[in-house]
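Both complexes shown next keep chain A, but they swap its partner, so chain B is in the first and chain C is in the second.
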Partner chain A sequence: MRATAFGLVFLAIVAAAAVAAPYSVSYYQTEVLILFLINLILVCSYRILTTTGDWSLSHVVMMGVGAYTTAILSKYLELSILLTVPLSAVVAGLVGLVMVTPLIRTRGFGFFIASFALGEFVRLIWVKFRDPFGGPRGMIGIPNGEIGSIDFFMPVPYYFFVLIIAALCLSVMYRLDRSRIGKTFKAVYADEDLAESVGIDVPRYRALAFVTGTFFAGVAGSLLAHRLGAVDPKNFDINVMVYLIIWIVVGGSATFWGPILGLAVMTVVFEVTRPLLEWRPLLFGIILILFLVFMPGGLESLFTGLRERLVRRRGSEGEG
Partner chain B sequence: MALLEVRGAVKRFGGLLAVNDVSLDVEEGEIRGIIGPNGAGKTTLFNVISGALPLTAGTVMFRGETISGRKPSHIARAGLVRTFQRNAMFPKATVLENVMLCRHTQIDENILKAVFGIDRAEEERNLARSREIIAFLGLDGFADEQAQNLSHGHQRVLGIANALATEPKLIMLDEPVAGMNPAETDMVTDHIRRLRDEWGITVILVEHDMRTVMGICEKVTVINFGEKLMEGTPEEVTHNPAVIEAYLGSEEISL
Partner chain C sequence: MDLATLIQTIANSVVAGSVYAMIAVGLAMAFGVMKMANFAHGEFYMAGAYVVYVLYALAGWPFPAAVIMAIPVVAAMGVATERLIFWPTRENVLAGFMATAGLALILQVLVGQTWGVGLMRSVPTPYMGAMDVAGAKIGWQRVLVIPVGAAMLTALWYFLYRVKAGKALRACAQDAETARLQGINLNRMSMLAMAISGASAGLAGAMMAPIQPVTPYMGHAVILTAFIVVVMGGMESIAGAVLAAIILGFVHTFVTTLFDAVTAQMVGVACMALVLIWRPQGLLGRVKA
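Let's look at the complex of A and B:
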């Protein structure tokens, strides 16, 4: 009960800070916050896949599917942003469904490599087909979008739009994580043979996690395309994928909050190391290795460890 | 018609015939023992019946339906479930959570239901039934204990609880009393008998502990080198010279 109350207070503080944020920072910082919210959807959607043990290397490409879909829908068909975002998610989910059908036959390292290959295949389609994907240079002139008289060219209105979408997506993903399906995903990871023996259709659940994850990656991609006004195949290459993995490794993936923590910390690190431009990949590589070696559970393991110790102490006091 | 009919089951691993033309009928309400020396192919037989491994040849019929070629999860839904020789469980989940997770066959799940509110009545029913299963196996004192913290004996019983969570018609137990002390063995033997007597579940068990097999099985199938050596009452089996030869190479089976 006390934990729930604490959670509500914490949530209220975060909500208040999120609403106040764009009014207390510069335009540039608001742009950073928008990118943070988009990445928040991306990293949480990626965690859905990882709960079944499928560390896909194509997740950023799936975000790209959402972005390209939005580019085409809003540039050529001039659809409203209220339609492009959900439609891009659906298209990304459908592409995810097509991709996962062969992928489901692989596991572990095989899955890792096969997902990379399929992702690159999709990226090559964008590079090869100048029409309608714009080839290696990608597409430009994607509208920022507007709702009624609110133009999303300015960062503050768009920030609030993204904030609402992110809150919606995260609450759905959170509920999914807590639901029977979310627990089943983790059961599939914990003991595949046992799960299958008690009636859990393991391939079906792995596919469900993959498609759900790609659906939300599509949302993130759509929001990104509207903000940048341009998409290009390099936005969704393996370098970006490595950043996504770093966020999750730094934060941890055992709880819903781990990837969010990792993203928040690494966004700050990313921003303060801007002057070090060419050294940044090295720095991030070192951070990745240090976490893998010294804190494989990520930053969240500090909190879960603390909580376990508290529970144990309270338990032993009760006994004594 | 028998509840389970295995017809000419063959399982080949490369040059090794792990199961060679085994046929088997198990009637509803039976407690059937499957015995045989180490490496006789008992667990492989379990694996091909439960769908964990594909058959090389032969068929398996359950409740009049062909189940060979189907996935374990579908076979579990049909009412046939198996336990493992290892302590298979979800180690970080509590005993109650383990059983709840394994009630998959009883739940009609979809993503919309998961996100937009749960069926409270169904959830309550599940919880109540899970507690009943846990209590039936005497694990009620450990319901909120993490599975990995249980003793070996209790972990093995949890394996049975997880299988029971699927509401099976037939349960196949792979060495249910392996590594247990005599008191724990007696307890599990008692559970198995009550499973049949009170819940009407048919039981097949593979076991090394001869005392257990002879104590609760009405009929025993002996497997040797992947082939069915004989079938009969515990009495008949223990006095059969071929069985004694295969098992011990000596005069008599010690009980």
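Let's look at the complex of A and C:
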């Protein structure tokens, strides 16, 4: 009971801060917050895949599928943003379904490489076909979207639109994580043979995690395309993927909150190091290596360690 | 396609296959021996090219001396990577792989900030002229890649099958625990594997420096191909990597000649996906018990 009450208070504070945020910062910072929320959906959707042990290297490309779908739907078919976002998610999920069929036959390192290669395949389709994907330069002139008289060209209204969608996606992903399905994902990772022996259809659950993750990556891509007004194959290449991995490694992936923590910390680091533009990849590379070598559990392991210690102390007090 | 173009394309395919093989055997070897998956392998290739750029194009060394120097330099990078990244993360294959993705970023920035990002580093061609085969002209610089690649693979084969240290490496690849019970020092074998892995990537990069534009990001272009080769060949199989490299060399070159480079990359990936569906263990890979 106490934990639930604490959670509700915490949630209320976050919600209040999120609503107040755009009124207390500059336009530029609001843009940063919008990107943060989009990345939040992305990093949480990636964690769904990692809970089964499938660290796909194509996840950023799947976000790109959402972005390109939105670009085509809103530019050529002039669909409303209320339709482009869900449709892009569905298309990304379908592409994920096609990709996962050969991918499911590989595991561990093989899965890594095969997902990298298949992601490149999708990306090369955008590079190759100038019509309708715009070729190597991508597409420009994607509408920012509007609902009724609210124009999303201005950052503050769009911030609230993204906030609502992010809250919706995150609550669904959180409930999934806590559900029987989410627990099965983790069982698949913890011990594949054991999971199989108790009757879990392992490939099916891995595929389900992959497709669910790509669906939400599609949402993130769609929101990104509307904001940037442009898509470019370079926005979804392996370098961006490495940044996504850095977020999740820094935060940790054992709990739902780890990737969120990692993203928040690294977004601050990213903004603070803006003057060191050319050196930033070096810094991020060093951070990635240091975390993997010295803190493989990520920042969240500090908190789980702290909580364990608290629980143990409380337990010994009770005995005494 | 007329005869001259056909011969030209076949020659280019063999050259491409040799380069892919030189790069991929190192990757397959490091993975086979100690499950070290090196994402920065492409950057090792890039480092080999920069050794030639610095020593030959800037410092004026003779070309063969610069190429030979690339071998110990990049081998040392391999050993350093093994000590600083793979050894501490040896319990987790993915951690080592992700950490070397960080290493790739670091090497790109270091090289880019030292020798510049924007301008292409041009390395003058040391061996001008071309071989004339039935109207097809094949530059000597490219022809040279074939014997160097063949010599490297022969030397590697001799080392692995005839030299005691090489046999020990193969024993580690088959079963690390049993190898250790025979008194083989895994610690040292792991370093040796990364030294050979780095040396072969460095040599490949050094040979390609006068042929390819030398940039900090040139490793990026080869890493995907190298991975496709290794997955197709069977992850840990060196012979499989060589076979897959030659197949992919032909596929890439022919598709590039008939269509374009982007299509060639796509067909390469499609080949890999087909191999995975038809034979998930790779062309010459074994199914693990």
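General observations
Keep this in mind: the second predicted complex is superposed on the first by the 320 of 320 C-alpha atoms of A that agree within 3 Å, B and C clash if a C-alpha of one lies under 4 Å from a C-alpha of the other, contacts with A are read in each partner's own complex, and residues count from 1 in each chain.
Convention: a contact is a pair of C-beta atoms (placed from the backbone, for glycine too) under 8 Å apart; a residue touches a chain by one contact, two chains touch by 3 or more.
Predicted model, so just to flag it, every value in this text is computed and none were measured.
In the superposition on chain A, A:G182 contacts chain B only, with no contact to chain C. Legend: residue contacts after superposition of the two complexes on their common chain; A:L263 is shown touching neither chain B nor chain C. In the superposed model, A:W279 makes contact with chain C only, not with chain B.
In the superposed three-chain model, the partner touching more residues of chain A is C, compared with the other of chain B and chain C. Looking at the shared chain after the overlay, A:S197 reaches chain B, while chain C stays out of its contact range. Once the two complexes are laid over each other on the shared chain, residue contacts for A:L208 go to chain B alone; chain C is not touched.
Within chain A, no residue touches chain B in one complex and chain C in the other.
The touching residues of chain A, when paired with chain B in their complex, are 172, 175-176, 179-184, 187, 190-191, 193-194, 196-202, 208, 212.
Chain B makes touch with chain A in their complex at residues 50, 52, 71-74, 76-77, 81-82, 84, 88-93, 97, 101-102, 104-105, 107, 109, 111, 114-116, 118, 162-163, 165-166.
Those residues of chain A whose C-beta lies close enough to touch chain C in the complex are 55, 102, 105-106, 108-110, 112-114, 116-118, 120-121, 124-125, 127-128, 238-239, 242, 245-246, 249, 278-279, 281-282, 284-289, 292-293, 296.
Remark: chain C residues 31, 35, 37, 84-85, 88-89, 92-99, 101-106, 108-110, 112-113, 117, 220, 224, 227-228, 230-231, 235, 260, 262-263, 265-266, 269-270, 272-273, 276-277, 280 touch chain A in the complex.
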